[in-house]
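Two complexes come next, and they have one chain in common, chain A, joined by chain B in the first and chain C in the second.
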Partner chain A sequence: MTRKPQVNVGVVIVSHSSKVAEGAADMVRQMVGEAVPLAFTGGNADGGLGTDVAAILAAIDRAWTPAGVVILVDLGGAETNSEMAVEMLDEARRGRVSVCNAPIVEGAVIAATEASGGSPLEMVKRMAEELSPQ
Partner chain B sequence: MDEAVRKRLIEAMARTVIAHADELTELDRQIGDGDHGLNMKRGFEAVLEALPATAAKPLPEALKGVGTTLVMKVGGASGPLYGTFFLALGKTIPDAPTATTLAGAFAAAVEAVKARGKSQAGQKTMLDVLVPVAAVLSAGGADLGPRVRAEALAAAEATIPMKAMRGRASFLGERSIGHPDPGARSSALMIVAVCDAIGA
Partner chain C sequence: MTTETPVIASALLINEVGLHARPAVKLTQLAKSFRAAVELALGPEGPWVDAKSPVRIMRVKAPKGAVLHFRASGGDADAAIGALVDLVGRGFDEAAGEGAGRA
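Up next, the complex of A and B:
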């Protein structure tokens, strides 16, 4: 029996703070291991608190897999900037990247756990979003 | 539209935003996270830096260039919101706009901002200036410039009693009442700058 090589959905963490983003990524790594491509970004172009579309695009690129990428964000601007970044991707990738409506730390851990089992993009997103109040 | 006019319009917006950076930051400190002025200043300094190349292009491309620069440089929520505004405006406007085609392009840009921010007028945002200004432009008529100018300033003031429902100011709930919205103020400043630059 031949088995398709497993390609897991990647996870990107976007916070206003590079420390929050890095800390959330540390937790994902410790709890889920190396099975999931993971990238994080935090802070604006000047190194202050904020988010940066160019840095988000670079993080999507680092976490990219053909299975797609989910993005976990913290506050308002991180979401808006992430959605902007997704729209700026080339057409082939745009439909495979999804911003999750979920708390950043818990969402990243759940998404990565789900992704590590080989779940498709839609399922990874849905599991993370179950954490949000409906 | 000739290059000198494009340059004058874009430069007027940029210089106004940069000159009011401290005021915008102070407004944002009251109800947001206090970065609006600084973020907008960074974005519009980049716009000024790129201005010689930007202004050399036809108006649609010039506006898209401004939008892309704002998206990449402003950070915060205002980067993609203002960036989307200028990108959408550039997509719809002809190189030599009339009052009618300007109104149509402005309305399309306002719709794009609504979609990007998942927001509507009445939620204490930049849309509370952009939506009424779009209405004045669409109605047309005499003395359009002065009426647009007055509407922009009055609409920004009218956000003072509103309760924020979008962005970080929304976390303050009732406490956001009593302060003007920084995004509404920056929108008004830019609209006034353009009106002044065309001598309206």
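Up next, the complex of A and C:
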């Protein structure tokens, strides 16, 4: 029996701070490993605190897999700009990108752990969101 | 023959940090690599939690010296239990990790 090569859901980290985004990505890489496509972005186009729709789109591109991508965000603007980026994707991709309602660092580690086992997009999102009090 | 009797084993947590974030990730990743349903508990009577759920395994917060009980059922349950007990017995391969200054 031949098995299809496993395609794992990718993870994108979007923070107002490039240091937070990079640090969260470091934790994912060290704790979960290399089995999950991972990208991060933080800061606005001027290098200050903030988020940037174009940079988020580029991060989604880097982490893209046919299994889809989950996005972990920190505060308000990161979420609205991520949602805007998702809306700018072509229709085929749009349905396979999900912004998670989960804490950014813990959510990224948990989502990547779930994704590394080959779980589908909805399950990866659900696992990260299980972190938040219901 | 399909058996309904789950495979059961236990293992002593020997690594310093116990079942904290990094070991919990390793444990769930390993559990996920098997088809069998795998559960973990701190006592032989449970309560049992899904060993494939990183969120639930992290909430177990078992300290060093705790005994982890595993229960698995399904096709490769024997292999799953063997691999998990081995992982715990190796201290999650953390010997060379951070904070391990002494030989």
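As a convention for this text, the second predicted complex is superposed on the first by the 134 of 134 C-alpha atoms of A that agree within 3 Å, B and C clash if a C-alpha of one lies under 4 Å from a C-alpha of the other, contacts with A are read in each partner's own complex, and residues count from 1 in each chain.
Just so it is clear, contacts are C-beta pairs under 8 Å (C-beta built on N, C-alpha and C of every residue); 3 or more make two chains touch, one makes a residue touch a chain.
Keep in mind that this is a model prediction, so the values were computed, not measured.
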Is the arrangement of chain B and chain C around the shared chain A a clash or a fit after superposition? fit
Contacts of A:118 with chain B and chain C, given as first, second, both or neither: second
Touch test for A:44: chain B only (first), chain C only (second), both, or neither? first
Please indicate which partner A:53 is in contact with in the superposed arrangement: first for chain B, second for chain C, both, or neither. first
For the overlaid complexes, name the partner, chain B or chain C, with more touching residues on chain A. B
Is A:131 in contact with chain B, with chain C, with both, or with neither (first, second, both, neither)? second
Let me test your reading of the model: by the given contact rule, A:70 touches which partner, first (chain B), second (chain C), both or neither? neither
A:80 in the overlay: touching chain B, chain C, both, or neither? Say first, second, both or neither. first
Using only CA atoms and the superposition described at the top, report the least gap between chain B and chain C in Å. 26
In the complex formed with chain C, which residues of chain A make contact? 31-33, 109-110, 113-114, 116-119, 127, 130-131
Residue ranges of chain A in contact with chain B within the complex: 44-46, 48-54, 75-77, 80-81, 83-84, 88
Where on chain B does chain A make contact in their complex? 33, 35, 38-39, 42, 71-73, 75-81, 83-84, 116-117, 166-168
Contacts from chain C onto chain A in the complex sit at residues 21-22, 25, 28-29, 32-33, 52-56, 58
